[in-house]
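Can you keep this structure in mind? I'll have questions shortly.
Should a chain be cited, it is by its letter among A, B and C, assigned in written order, with residues numbered from 1 in that chain.
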Amino acid sequence: MTEVPPSGDELLDDGDELRRAIEAIVLVSDEPVPSELLAQLLEVSVPRIDEICGQLALDYEASGRGFQLARVAGGYRYQSHPDQEQWIERYVLEGRSAKLSAAGLETLAIVAYKQPISRAQVSAIRGVNVDGVMRTLQNRGYLIEVGRDPGPGQAVLYGTSQRFLEELGVDSLDDLPPLASFMPDSETVDTLERGLRTSIDADLDAEAGDGPTS
Amino acid sequence: MTEVPPSGDELLDDGDELRRAIEAIVLVSDEPVPSELLAQLLEVSVPRIDEICGQLALDYEASGRGFQLARVAGGYRYQSHPDQEQWIERYVLEGRSAKLSAAGLETLAIVAYKQPISRAQVSAIRGVNVDGVMRTLQNRGYLIEVGRDPGPGQAVLYGTSQRFLEELGVDSLDDLPPLASFMPDSETVDTLERGLRTSIDADLDAEAGDGPTS
Amino acid sequence: MPVDVSTEVFEGPLDLLLQLILQEEVDLYEVSLASIVDAYLATIDRLIESEDGLDLEVATEFLLIAATLVELKTRRLLPDPEGDELDESIWLWEERDLLLARLIECKTFKNVAERVESLLTAAGRSVPRRAGLDERFLAITPDLLGGVGPDDLARAFARAVRPKPVPEVSLHHVTPITASVSEALGRLARTLPYLGAATFRELTADTDDRIEVVVRFLAVLELYKEGLVELDQASTFGELTVSWLGGGHSEVDVDLVLAGADRYDG
């Protein structure tokens, strides 16, 4: 426990006052509170806020609290400790969203990496109509309209929302690994290539000598 | 996983496990959690719950947390510590416009679309007691009493106010968006149905020996 | 030889092709264009014959890919001895590469989707506090609905009426699944002898409740296991027909079936 003894004979220092104010503000917020906002309200620097919050999160963990102070979507929030999942599940939770379908996840994945992107572009990548899935994702607050294509047609362009980051539990999109790291491995690419290979390819290779390789 | 504190040299006892579960449940709840409900969920007696919560409240106070575990309306909830009020006010006034909690907004939405409606009916839809939330919405002038149920009990019926329409920026209730496009989609149902079909197929294949192959 | 198509839960033509190729390698340790094309065409056939049919937009995409595949397969079977259609071959080759590029892109995002899912799952183990301000502080703010629009209200409503997870605590007392399966069994065993046969869709026509549909499906499987019904499905996406085999209606049948249902008791 990191507490000052009840009968403590020293005043809370400045850091402690800041910590208490942060605890109070984050507790009453219903969304992650940005470091910048905390810094502005408490009139200290952003690094100081991050330092105190980092220490606070460690304190909670060390004293075995049933909750955590988490950094998500650019801010701080309280959340239940993952190891208390079983108890939380017993407690009826409103709005605990149903799992996304495979189609929903893939569509979300495409928008996350290709944003801003139009519905037609997502559809072209997936090879199916995605209108319904996109609408679902928008209703669930994962996708938002972020603008319009300047070209003809002025298609609506979509991006992922703050809410998406919150549900994903990451601080920002930059925390996602680069797209290249998700490319199928060379073995899979070979398999796909062989699946489409015709015997005439060999002839062509021989003939063209330096044709484009796949 | 329930973990032992990093440098702790004694295991968490049963009381500590209960404490952690209570912390997690009360933290994620948007209404005070009744002792009886906690007792039922955690399968211990009500006095045991009250004992642990009482001790927990003292702990928070002793360790100078910026929040409290308070007993309100027969249940427990977290709230900011009274001596942090100045910071909360600053946060509310300067930080951003304060918003209704998710619970408040949902309650308001139910009344808006289902009015006239009684408190008990709203409560039945949300699955939790809504007395506190309804009172707050009424105090804020968003909800008004519009009549009484003619049936036995003569429950008060609520509706939304003119002020609510003004703040929402619509002219009349008819201007509220139709619900159809926002309702939970059939995606989950579809997935389930496909899953069923697949398992039926598998069964039939196994039975027939020569299922639908190409 | 047939690629295993009973596992197909695919999303559109590209996804189907991806699965067929990767699945075939798993099954045969090698891929063969011919069998992939056959499986692909067979699937399109079944989709067209299925009761829902294919909508035009989806069908077009299926057929475009099918056309490319058939062309590729034909070339393989009938290599041009003259070699004088080089231009056309190059065109085909480009089509092939385009298809390959699309498959790779599709697979890439499937991999991303897996990561997104695991992140969502991990994050889902924690639940954020969303209680917001308590009433003391609501009083000091003038614009509580600031930033809330009509659509937010409609979404909040949808959220509020979304079916909530059943609190697990109640399961200790009522074991609802067991009760419901028995109930569904009893009803099926009483009605099916009169109906003779019915589709699963008809048997669930009176309910939208997913749990109820699952429960009835379990009941049908139970009857099937007991040899009291026959299940028949004309095509993969077709209707499931449940036919009663158990003879005339009698209380004995019902009791027998209900006895079988006890096995669901956990």
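Here is the rule we go by: contacts are C-beta pairs under 8 Å (C-beta built on N, C-alpha and C of every residue); 3 or more make two chains touch, one makes a residue touch a chain.
Predicted model, so just to flag it, every value in this text is computed and none were measured.
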Moving step by step through touching chains, the smallest count that connects chain A to chain B is 1
In terms of mean CA position, the chain most removed from chain A is C
Dist(centroid_CA(chain A), centroid_CA(chain B)) in Å evaluates to 23
Averaging C-alpha coordinates per chain, one finds the centres of chain B and chain C separated by a number of Å equal to 31
Between chain A and chain C, the Cα-mean centres are separated in Å by 27
The positions of chain B in contact with two or more other chains are 27-29, 41, 78-80, 88, 99, 101-103, 106, 126-127, 182, 184, 188
Multi-chain contacts in chain C, i.e. residues touching at least two other chains, fall at 127-134, 137, 155, 158-160, 162, 164, 169
Given the complex, residues on chain B that touch chain C span 27-31, 40-41, 77-80, 85, 88-89, 92-93, 97-110, 112-113, 125-127, 132, 135-136, 139-140, 142, 164, 167-170, 175-179, 182-184, 188-189, 192, 194-198, 200-205, 207, 211-214
In the complex, chain C touches chain A at residues 11-15, 18, 20-22, 24-25, 30-31, 33, 36, 55, 57-58, 61, 65, 69, 72-73, 75-76, 79-80, 83, 86, 89-90, 92-93, 96-97, 99-100, 102-117, 119-120, 122-134, 137, 155, 158-160, 162, 164-165, 167-169
The chain B residues in contact with chain A across the complex are 1-3, 5-8, 12, 16, 19-25, 27-29, 33, 37, 41-42, 59, 62-67, 78-81, 84, 87-88, 90-91, 94-96, 99, 101-103, 106, 126-128, 181-182, 184-185, 187-188, 190-191
In their shared complex, chain B is touched by residues of chain C numbered 2-7, 9, 38-39, 41-43, 46, 127-141, 143-164, 169, 210, 213-214, 217, 221, 224, 231-233, 235-237, 240
